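Read through the structures below before going on.
The same subunit A turns up in both complexes below, where it pairs with subunit B and then with subunit C.
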Partner chain A sequence: MVVSERRLSIPNNPITGIVLAIPAYFFGVWLGTLFGNTDDQNTGVILGYLFATVAFLAGVGFLNYPLERLFGWRVTPITDPAENRGIGRYFRLSLDHKVIGLQYLVTILLMLLLGGIGAMLIRTSLLVPDASITPPGNYIPLIGLHSVMMIFITSAVIVGPFGNYLVPLMIGARRMAFPRLEALSFWVVPPAAVILAAATFWGGFPTGWTGYPPLSEQALQGMDSYIVGFALIAVALVTSAVNMLATIIGLRAPGMTWTRLPIFVWGIFTTSILGLLAAPVLAAALIMLAMDRSLNTSFFLASNGGSNYLWENLFWFFGHPEVYIFILPAFGIIMEIVPHFARKPLWGYRTGVVGLFGVALLSWFVWQHHLFVSGIAPVLRPFYMLSTELISIPTGIIFLVTLGTLWRARVWFTVPMLFCLGFLFNFLIGGISGVYLSDVPTDVTLHGSYFSMAHFHYTIMGGEIFALMAAAYYWLPKMTGKMLSPTIGRVHFWTMFIAFNSTFFPLFIVGLLNMPRRVSSYDPALVGLNRWVTVSAYVLFGSMVLFAGNLIYSWFFVSRPALANPWHARSLEWQVPTPVPARNFERVPVIVAGPYDYGIPNSRPVADLGGMVGVTGGG
Partner chain B sequence: MAVRTRYEAAADAEAQVDSRLVAVGTWLFLGAEIFFFAAWWFAFFYLRALNNNQAWKAQGVGPPSKGYGAVVLALAALTAVTYFLASRQSPRAFLFRLLTPIALVFGIATSLFQGYEMWHLGFGLTEGGYPSVFSGMTGSWVVQFALATAWLGSIVTQAGPSGDTIARRRPAGSFAWILVFLAAVGIINYILLYLVG
Partner chain C sequence: MGAFRIEEADRPHMLRLLIIWVILSFVGIVAVLQINYPPYDQTIQGQDQASTLKLLTVLATPVFVGVVMMILYSAVYFRRTTAELVDGPPMLGNTPVQIAWVAISAILVLFLAVVGIATLSSENVAQAVGHPGRAIGQSGGQTGSGTAGGSGAELHIQVIAQQWYFTYRYADYGGVETTHLNLPVDRPVELHVTSLDIIHSFWAYQLGVKADANPGVDNIFHVTPQKTGGFQVRCAELCGLWHGHMADSSGQVVSQSDFDTWIAQQQTDFETIAKAVPSYAPYYFPLPLTKGS
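Take a look at the complex of A and B:
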């Protein structure tokens, strides 16, 4: 059989994708109406979303490779990043990890803005205790959209932009292991976001992000957006995880031993393990839910041989590791940045790695604490209570590693460092309140209240988003070639830190005073605290606008070109020029020392780069 | 003595790295697959043990023909074994060229036979927990098997002198493990759905 020289010749770009997706959606709806239940449109909507997504991806160019293979044509080689220059590369399928990192960054920030607007609408509703601003019928879908959008964002907000951009640079690789998978993990994000937002036109989904049956089985077609949108998140998690893990395992430069691996890369590694194994369970559960809604099976219908607990178990078997998917890369960021500004070696590097793996391992054994109030067998409760409490040990280790690094250090209080310190403060409160909540009596009392809501916002926003900001101020100069304004950065930090605590700490109090979450009306006695929280939330949103303003101001108005190594850091990503060359390194570097050997007399530069400038010694 | 250019040596080294990455990626993907199918097996045992409202199986609901299921399973196993044996050969070898199309035919037959069974189950999907689990577990399996068969088809069509199968031998070998894995899942599914369920 002779391989043909023919090629698929449609123009591949997002416009083609959208043009193909629209008729594909209507074709799917028509097909579903033809074969699905006559009493609802669930089959049609689900098929419509799936067809539209596949058509969009085909338009962007993802089907070229498999189809060319199948037709026996010569397969298109991986595009050389050096040939892929110009601004247009950010708007089409690119296999360059740096382009994908920046595509992720902009997309995720836009989605964060949408999720944040949702949060502001929620808080505005709670200015009054009688649900007169937003009626319950609109409030619950608002909560659902905000929560799923934010869960989606926080799954990808660090691994997507920073993991994709930095991991190859940090391990001395010239590319990712599977660039097509990497690109796919990004290009499913826009359709997922559109599909989730489209739920609004169908009345939203009334279940919040947890999707519990039987409500999710009875809900209108907005729930189908939840199913397909969340399934695409699962696809993104698995494809990203396979690519990251294979890259870290197989593309480390000579001399980049496991004990020299930057701790941020360890954070990405452990996160990817969780994503790889947890997301498929969610995918299976979503298929079951889709079948129940469209084919009338009864996985979750107790009256017909199913059980809603099946969903709860499968969902939380994914859902609890998922929260560590948020936080493990944040731990990695904090442990990565602190040594550079403390100008000290990372204290207890190996212990920190063990801490990351400890959290990742234990996260598989805690999911049933989400079911304490759902009627699980009482005999199981102590095990899950203890396993949840145990997680505080590896988390505490990570904290100690960071604090040990800061001990007696001459700290350089840059903006990224301020965010790291903010993270430590916030996550301490979030973590300790988590230990408190893991106790069965406390959980049973406070599970449905604002107390647990305050707890997870302290860990996710106070933790992960503060780490994200530290990463942004630290690495964006390398990624974009422009320094962010440190003055605006400091104002941003202090506004965000104060407003964040002013927003979420009072929610512990209103939770203890029995204000239930996901309910738009509350005891009028709590109106004062709620108004305080709402005003603080506005200021918090304003601080994020300040960040966006800093990006725009620094990139477009007062351009301060970034030096190759503005922080005088030792790690490998700072040893390459800015902007980073197309293939990262002139040749594969040879790593000769660890990235955190600060203050060690006669310490060697981190790598032999074959003549590249900027190699930093022990200093 | 043949002299290799620097370009050829670099291309060889890159191909070796690529092969290793595909092998690692395959095993990682199979890790994800185990968790995916484990969710279905969990659903099977969980709903069967609970037997809510005595509706695990409605009156008269039983597994479809065990013999027919065994034929599907045998075809899946033959696909995996045939391709596995082929993948141990060089893609230029006669045995590889002989066995891969045979494996492809087995793969297509597996997908078609399983599809036919799913259209003629002998019970409705609404008749309890067992029909739900049967349709979900088998449907998820056959969709993946059909996709794997399509990929197998691309290995056959790329087996020409300048095709990808020849250029990148080891990835074609790693793919054999995916078929073996899916066949093994088919065996577990058969035991659960036809014998235990």
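Take a look at the complex of A and C:
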């Protein structure tokens, strides 16, 4: 076969991407004015965002490979991580799962900073009960931006950085199954964040993250940011999920049987099943909403024969599995980290896996608990009440496995361990308050109040973000090659734990006392509690700044590299040298034992790595 | 799977935990029983919600105490005391304990579900349920002019939400439209909640009522006030710019005779504008939505 020597000659990097994206955006807007409605610019704005995203991805280099294959040009060799080792690799398209993991980490943490600043503005506004600090015209777009930004972040904050970096290392693989898809799942995130933030130029969107029509059809062009940004996140979820499933099923090293799989990988596996099946439903609903807004269809408009219940069902059919997409990898992290510091095998490994699958399965049968007061057929309500309450059984299993692992252990109290215990406490409150919301009679009074807001912040921030912090303190020594300071870490944990509970626990009471979500003016009787919460929220933000400082300080200003296995852990990812070699393992490792066999007499090291250097054994 | 057997090493821990758990749970339950749970007792439905809230809190207390105690106990007693890293006992799991844990949580959950379903199907709450699109009740009429049902007959009131206020139409009083909600005490009320533009949610906190207002839908909710007094009304579903201001505290539960006086006055006031107001209907066909305006 004759291979042409012709190649695409533009330099592929994000700058090229941005340079291409700007004219592409205006081209899309112009195209929209040609055949879109004359009375609005929705068609143009939606097309503009889509064209800009495609142009950005082309500039980054995603079109090279398909074009090269299509026209028979020579394929640009970016598949081999060994040839691409400079610092610049972090700023370009890379197919190395370790580079993608760190790209994800930094991007998501920057987004988290934006979302956190949004939260601080919201709390500042609520210092006074009469919207005099932030008028509703700013407040409503602000909560929309905060909510959707945080949903973007929490969908990806564990699977993105830690899933991509660690899953191949944990299962003994040299790469992910589909490296290009993996890169795509990262590179759509920055455009999604920029498009979402661009809503500000159109006055934001007024719907919060739920995007209920007809309000979302009445909204200005800011709503188009919500549609395109969220659709890109759906793309990220699906591409990442299919890749994780294929990798975990197909690329496990010899001897890595399903029962030797680290439980964190099981967490990623179950969350990927949910992402693969739920995100397309979101994408479909968003396309229908985009058509309603730009092509004058009326899927969701009662005035023309549609129904807003269609959106509510589609959205929550995605939306409830989505919250388990957040928490399943967090469960995985907790059950993964606790055995290594308890120095005991994971107690009831198989039961824990069953718990993860139980949560994943039940999550498909609960979505209408968001609609108890919406006017759904009353006969449906007992079923959704029961199915929602049943989820506490597999969730209870996660607690049982963790507490069983701690039983009579020799707990080494490191910072990751502190965050694991903090997770258990917070998620316990989050879970119990969830039962209140699942019960129809109490939901009538609690629905849409600050009680439900406090509930999901307890599960997502108190749960997932605490697990994220545990993961950061535990795995960053492998990923960045530097230990985070344990002293700052302890101060960080205690300020974050106390400030978190001091911020969100009073909000349960605020909700019980008649304060609805998403309002900039509230009952003046609640001003005392709200001010307390705001001050606590500032301290909470301060604790996150402390973490950022710890991260930056240790990463860039500490010269002493971390040990290859500072925690003396048995599991496979700690048996490779730090920094991790370009191809992870010199030879494909042969797994001969489970990752948690602590204290078992004559237990073997977890794998035969073929005489690699720099290995410190765990058990 | 062996017989359920407590190992020698576990005994002191288990005994200690059991004693602390019983004491703290008891103290906790006594404490949470002292709380006056919202939405208090202005209506029968609100009282049901408050008692369910109390039941859930009583049941949650021992669960919360037990798990928190386990976390703290592990942190205190299962802490490594040696300078050297040592492995703990290799316990891989205990099937009877796992079965017991799942069984206990299943019993708790099923108990809650049975209680919840029983509350839903009980006399008072059975009808506190939305029936989208259902026609107005038989005793409600679009033409009934001032034919007030006797005290005790169900009162039909339509709640109409729009950006950004609620209005109310009394079906049994010729569809008279008012700007605030007055209810007679001790008389069952059938609320028909609908919207003219987008989704709102009618939340009368003290009444224990929350029902979404959807355009083109008649969402029905039943409530029986049992105490006179004021109540607050506000929107509980994000409905745009002035969502936070879609609230008022002018709702009143009054005696039947006060209610009769009030509604007669309202009917007199309404006559002057009645011709301009559309006749009473289960829901109103919303105007085509103007987008991006």
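We adopt the following convention: the second predicted complex is superposed on the first by the 600 of 619 C-alpha atoms of A that agree within 3 Å, B and C clash if a C-alpha of one lies under 4 Å from a C-alpha of the other, contacts with A are read in each partner's own complex, and residues count from 1 in each chain.
Just so we're on the same page, a contact is a pair of C-beta atoms (placed from the backbone, for glycine too) under 8 Å apart; a residue touches a chain by one contact, two chains touch by 3 or more.
Bear in mind the structure is a predicted one, so any value in this text is a computation, not a measurement.
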Which of subunit B and subunit C A:Val238 touches, first, second, both or neither: first
Touching partner for A:Arg408 - first (subunit B), second (subunit C), both, neither: second
Between subunit B and subunit C, more extensive residue contact with subunit A: C
First (subunit B), second (subunit C), both or neither touched by A:Asn313: first
Touching partner for A:Phe178 - first (subunit B), second (subunit C), both, neither: first
Which of subunit B and subunit C A:Asn304 touches, first, second, both or neither: both
Subunit B versus subunit C as contact partner of A:Ala246, first or second or both or neither: first
Which superposed partner A:Leu277 touches (first subunit B, second subunit C, both, neither): first
Common interface positions of subunit A, toward subunit B and toward subunit C: 302-304, 307, 309
Complex interface listing, subunit B residues touching subunit A: 17, 20-21, 24-25, 28-29, 31-33, 35-40, 42-43, 46-47, 50-53, 55-58, 125-126, 128-133, 135-136, 140, 150-151, 153-154, 156-164
For the subunit C and subunit A complex, residues of the former touching the latter: 9-10, 13, 37-39, 45-46, 48-49, 52-53, 56, 60, 63-64, 67-68, 70-71, 74-75, 78-80, 82, 85-94, 97-98, 101-102, 105-106, 108-109, 112-113, 116-117, 119-120, 125, 128-132, 193, 197-199, 201, 203, 205, 208-212, 214-217, 219, 232, 234-245, 285-293
Interfacial residue positions of subunit A with respect to subunit C in the complex: 39-42, 131, 136-137, 139-140, 206-208, 210, 212-215, 217-221, 293, 301-304, 307-309, 342-345, 347-351, 373-378, 381-382, 385-386, 389-390, 392-393, 396-397, 399-400, 403-404, 406-413, 421, 424-425, 428-429, 432, 435-436, 439-442, 444-445, 447-449, 512-514, 516-523, 568, 597-601, 619
Subunit A to subunit B touching residues, read off their complex: 1-3, 66, 69-72, 74-75, 177-178, 238, 241-243, 245-247, 249-251, 276-281, 283-285, 287-288, 291-292, 295-299, 302-307, 309-310, 313-314, 317
